[in-house]
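Consider the two complexes below, in which chain A is the common component and chain B and chain C are the respective partners.
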Partner chain A sequence: MKRMAASLALAAALGLSGTLSGTGAIAQELTIGVRGGPESMDPHYSALGPQADAAKNIFDPLVWTGDDLQLEPGLALSWEPLDDDTWEFKLREGVKFHDGSDFTAEDVKFSIERIPNVTGPTTTEIYVRRVADVEIIDDYTMHIHTDGPAATLPYDFVRLFIVSSEAAKDHSTAETSAEGFNSGKAAVGTGPFKLVSWEPKGDLVLERFDDYWRGPAPWAKVTRKEISDDASRLAALKAGDIDVMNYVSSADYLALASDPDIETFIGDSVYVMNLQLDQRDETPKVRAKGGGKLDKNPFQDPRVREAIDLAIDRDTMVEIVLEGLGTPANQMMPDGFFGSSKKIPAPQYDPEKARQLLADAGYPDGFEMDLYCTSDRLPGDGAICEGLGQMFSQVGIDTNVNAISKSVYFPAQARKEYSAFMNGWGTLTGEASYTLGSLAHSPNEEVKMGAFNRIEYHNPDVDKLMQAGAKELDADKRRAYFEEAMEKTMADRAYISIVVLQTVWAGNKDKVVVMPRADEETLAYFIQPAKK
Partner chain B sequence: MSGFILQRLLQAIVIMAVMSVIVFAGVYAIGNPMELLIPPEATQDVRERTIQRFGLDKPLVEQYFLFVKNLLQGDLGRSYIYNEPVLKLIGSRLPATIELVTTAIVGALLLGVPLGIYAGYRPDSPVSRAIMSLSILGFSVPTFWVGLILILTFAVELGWLPASGRGDTVEVFGVGWSFLTLNGWSHLALPATNLALFTFAMMVRLARAGTREVMLTDTVKFARAAGISERVILTRHVLKLISIPIVTVFGLELATTMAFAVVTETIFAWPGVGKLIIDSINNLDRPVMVAYLILTAGAFVTINLVVDIVYALLDPRLRKGHAR
Partner chain C sequence: MSWRGSGARSPLRTFWSRFREDRIALVALFVVMIILLLAIFAPWIAPQDPYDLSGLSLRDARRPPGFVGSGGYVHWLGTDAQGRDLWSAILYGLGASLQIGVIAGAIGLVIGTMIGIVAAYAGGRVETLLMRLVDLQLSFPAVLLALVLMALLGQGKAQLITALVAAQYAYFARTAFGAASAERAKDYIEAAMATPLSNARIVFRHLLPNAMPALIVVATVQIANAIALEATLSFLGLGLPVTEPSLGMLISNGVKYMMSGRYWISVYPGIALIILIVSINLVGDHIRDILNPRLAR
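Up next, the complex of A and B:
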């Protein structure tokens, strides 16, 4: 600690602020404590968030996304559709791999084609599911042929990491990839850091790559430690073992406000908590008060769904349950995402009207239901669940709250065992086809949509709009389709959005400034040294 | 003696076979891991391809026999999450757990038994009362809380010891051990203390109860009458007489602590198997869960076998009874 403070003081005295200017960057070490680590050093093994978070230090994705998840040029400089099933990508020239070789179209083709051979169960095939064929025009131009119009192809590529076709050549089967990449032999990327060492659940050690195309990173050596327990990670930060931590819990966030050595950094996340109401004729976990059978599924009645929506006091939920770390949600994506609509009214809280609506719908005494939620997936999920239970009980719907582990919840949810259930959904691609296409479109294997519609919600208008949007290559028209689909979905209230979660990072005030990203990644390159 | 061991070995094999069925069926009952692992955007054909690749489309019985077949060839499969062979994955983290558990248990034994004997020998002295209070604390205060308090006190407030991780290791036989370096010991101190507390309390109480009982027996009276010094009575006779329950509990504790060092490992970010197994359960990483449970069952069976043999060595009645 002392030594670090001294070197910072020295840097300040010399007028070096440790910026990206390269020559001025002082030899500094950064230690980050993260809740979850990568699964493999092969960036194509898993599509999980922590995997991409770690991989982005070593590899670059083909298309970059900014802090707010909107597309920016990365290794690909520009992209445009040539016809219904061809996209042209222009690549950045002068980009070097860690071994000094040049980045070319060959590496992109190689990366796309190796994915089906090396990916694990959290399959990265989703990034290339629309790709039929990759055609190299010249070293820096390529045509990607798709299986039909693929309007959202560039969004698919935001986590398509590019590996060196030379280094990874012999490590591109399921049996050889882990060995080649985890040992570092094949883990050659174009990213800001070179891999020094890693083992499963162990520290990820990185060193600066001086020829990075954005300019060298402010840190010479970066260590990412996996400390899964929130309280321990915070203790490690306070003890000076780490400089930055992600996922500060809401309770700790309050306590940190009074700590003079630690700064917190808050950002909106991509996660929205959605209550989902089963639309089938028979639903298993709803009954009359006292246990009798109801003659039909009350959630099919729009008045009941509206009553449930009106029973939720979102402001209290944010202030009390989440300690202010969230914003009330009126739709399934945060504001500003491609396809989120400004026309959707702000959510109301009106328990009187809710009771009235229930009475109108033929439930003057309410009914009884089991509410299921995850309790260990996202910050506050279990607590929100309990809050919902109390709010519903106040308008007459007796609610048994079951906040359970995600490893039990998701398989049961997939078997459609629940009637009313809530979990977070993150719009990781920043656009609506990812969210509405999976949740709001009726389940349909032919058009490959509705895979996560577990309530059998079916609105023909929404289906039509989503299918039209998926084929529409004109971005403005597509946005209009998605916005309308979002408006219609939210008006039906089979999905009731509750809150947009926020994420908190904390860091040593004298050492770092963290830029929050909506996808919750903690990228060492973008953590700036604190200016004295 | 050899007949006795042979009989125990056969029992062990049956237990292992039954265990493997229970574990496999139990893990299968939790749910299909692919529901959790396959990402939401996956289309139906991608999903089916993935499920097929991991053999999860086959019926349970077929999956089980495939597993047993591979197991008998020494192959426990590859982790879904890390794509590494399960044995390598567990093997790379086992030394950290063994080191932590051994330090904790041996520490608890070496400190707990003498203190317990003293407390039993002089039950009314204030020191004995203090020892007994400490042991009650060790029983009743939850491990995770003690762990956090230790971190807050020694790492955050005093800054004497590091809060997490394993520190420098020295390679011996290709495995890294941190108890061979000073830095390693500084990392080991807090988690080992945390983990040792419960076992320590147990040792104290067992030793005390045993001592109090034995002190009243004729053996001790005659020894005193024969003019043998108190120190010799305690170390030579009492210690031997109270050791059977202590050995039993020591064996059980060794196995349970090994299997359940999870809490301590999570709090101190100790890179042992406990953390690995908890994450595997959360992610439904079936191969790791199954392999770990089988290995744990194996460890329990082995330790119990060893304990039985130690009994036989300690107690001639058992030895002779089974030799027939």
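Up next, the complex of A and C:
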């Protein structure tokens, strides 16, 4: 309550200053309030979302992704596999860096090769891990040699930011990169904006680059303010201190919808909430009602898993818990992603049948389980968890709900301490090898898959399909493999997808139109001035 | 006149007759009693068991006061984000808050009193050691200490009580020490020490009873403080499990809906908490006035 009063007071104070500066009619200035900011101005320092979100204003990735995360030509115009371990990339001609120099294959090679030297703890090496060697054919053609067939290489390159080989030459070791980039000296990209200044956890100030290859941005000056507290960011928007904000919470969304000065923009996110059911013979957090031990892990019985699926009322989850900001999910990726299947049936809600299935499986009185979820990671995660607890209890599975902090949840989940647990998974690359390869494939170090399969789910067919898909360079065949793997995984119901989350931006109605992106990035170039 | 006839002179009767003089304190005591009864009989009074997940329905979530839900009864105070009837949740929440406040207060009282009296009776190095420790802790904000402890111990009722006791025993120790060291200097204790009475007997029969009035006052105030502290911790998300909300957590769950006009989720539990704490404090204040010899007529 106190904090709220403080932010209201803050809002009032900011409101005053907002109207004062607003009278200057500086139409081409844009101020964005973001929840998270970058860790460095070196785009290769971190693989976290906020880093890429900020970097994309200054630098271009080699391969572009559209609003729905599907691949589009960017700095690379086209790409195709020449043989099992070579990809040919054709580059766009006439692209200029901020310092006026030309973009060529040399800069791509330089960028790929500097990554291992400058990356921070959340490593950007994942984007170039398959690259064995980079061969420059001419200024605008290059061959990337990989360590074996790398079907998803273009997807890896959507976050391969290209820096100027000239400007960053002396700032490409762990010691020199921060100094060169954070001062702006080496932070020379081909992106729509030039870096003016940046303070860690503070403002990132950008200025329009007039020779941008897509054409100049609508904004002469852009300031990205890092305001991590949701209520403060909202207060700043209402006060006119910022023009756009990301990550509006579902509770605030309804309040904003009735505000005449503010427009909200809703987009599907890449995040799907998945319930995960432990498949080991012994599972720790399930017991008979009253505390007795069960003879076996009930989640190994497909009827129990189906009962749990049928007990979930996804429409209510979306409508009530998320206040409409989501869609019911029937698979681990949103519609239209590479490998999402259209053949998977829509989820059903049938508590009667669920009770019947539990009885058939030998649990006429149900059983008791501890359900674990994050409560502070994604919008609505804790509330969805409580909602699941209600729905399971109603079909006879007494559920103790533990909606806890992500800092406690993820380490314990990795130690496999949970039996039934739910968290969001974002398909950040837009294709299934990232999601199914990490979650549905059996844990296997050798093929580098199943790293996040914490329930020891094992389906040999899925494993085979995923491995075949990872090596298949023909996109249509690969898509078919992934779709079949998705169908089989969802049919087994060890992973039960619940909802696809939506993300909300809000902006000053008279000033901006925001184009929602599935990767949740807030890119100033694509924010359009409102038509009056 | 037998001694029974002079009942008005018995300390309890005197106390009560003086307590009755203050109307406000009397009303406050009445309110505390009502709240106690409501909390104890919550399972029979409340239309819904808010801790039973299978009895809740998300279809009833965030409904305004007066809404008739799927249970067929009126939600007089509305419902929260999980479809809990707020009136029921407040009744159960009062119970949870009182229970934790009283248990933490009682344990704090016992531990603190022991430390204070031992320090006062033993004197010398023991006194210095114990009381400087207590002083050190008193210089620390109780909320901060409780927060750190909750972060270290994890969530749960036992952990919460431990954190509250650790944050509060020092107040009891200070009070007990003050009262006991004043008594310690008096002649009757000196006289008792000259006899072969055991130390324990002197402490329990002479020192402790005389330090009691001050401790009772501190105890009432500290129960109210423990309840407020528990609400603070729950508000910050470090209290009881989400499915068994105390008042602080009910308030915290509702705060994010304040901007969208769904005030009742936070406001009603807030009012309940304020009434509870204010009435306990009023009762405590009045007891202090009565027991304070300086204000005696």
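We take it that the second predicted complex is superposed on the first by the 505 of 532 C-alpha atoms of A that agree within 3 Å, B and C clash if a C-alpha of one lies under 4 Å from a C-alpha of the other, contacts with A are read in each partner's own complex, and residues count from 1 in each chain.
Note that a contact is a pair of C-beta atoms (placed from the backbone, for glycine too) under 8 Å apart; a residue touches a chain by one contact, two chains touch by 3 or more.
Treat the numbers as computed from the prediction; the structure is a model and nothing was measured.
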Chain B versus chain C as contact partner of A:492, first or second or both or neither
neither
In the overlaid three-chain picture, which partner chain does A:317 touch, first (chain B) or second (chain C), both, or neither?
second
Determine, under the contact definition given at the top, whether A:483 touches first (chain B), second (chain C), both, or neither.
neither
Looking at A:519, would you say it contacts chain B, chain C, both, or neither? Reply first, second, both or neither.
neither
I'd like to know which partner A:383 touches here: chain B for first, chain C for second, both or neither.
second
Have a look at where A:228 lands relative to chain B and chain C in the superposition and call it first, second, both or neither.
first
Partner chain(s) touched by A:251 [first = chain B, second = chain C, both, neither]
second
Mind working out whether A:406 is in touch with chain B, chain C, both or neither, as first, second, both or neither?
first
In the overlay, answer first, second, both or neither for which of chain B and chain C A:434 touches.
first
When both complexes are superposed, which of chain B and chain C contacts more residues belonging to chain A?
B
Chain B/chain C common contact set on chain A:
405
Touching residues of chain C toward chain A in the complex: what are they?
52-54, 56-59, 61-62, 81-83, 155, 237, 241-243, 251, 255-261, 266, 270
Interfacial residue positions of chain A with respect to chain C in the complex
1, 4, 234, 249, 251-252, 254-255, 313, 316-317, 320-321, 375, 382-383, 386-387, 389-390, 393-394, 398-405
Taking the complex as given, what residues does chain B use to touch chain A?
30-44, 46-47, 49-50, 54, 79-84, 89, 92-93, 148, 151-152, 155-156, 159, 162-165, 266-269, 271, 275-276, 279, 281-284
For the complex, give me every residue of chain A touching chain B.
33, 39-40, 42, 45-48, 120-123, 125-126, 129, 174, 177-178, 182, 199-203, 225-229, 231-233, 235-236, 238-241, 376, 405-408, 410-412, 414, 434, 438, 445, 448, 451-452
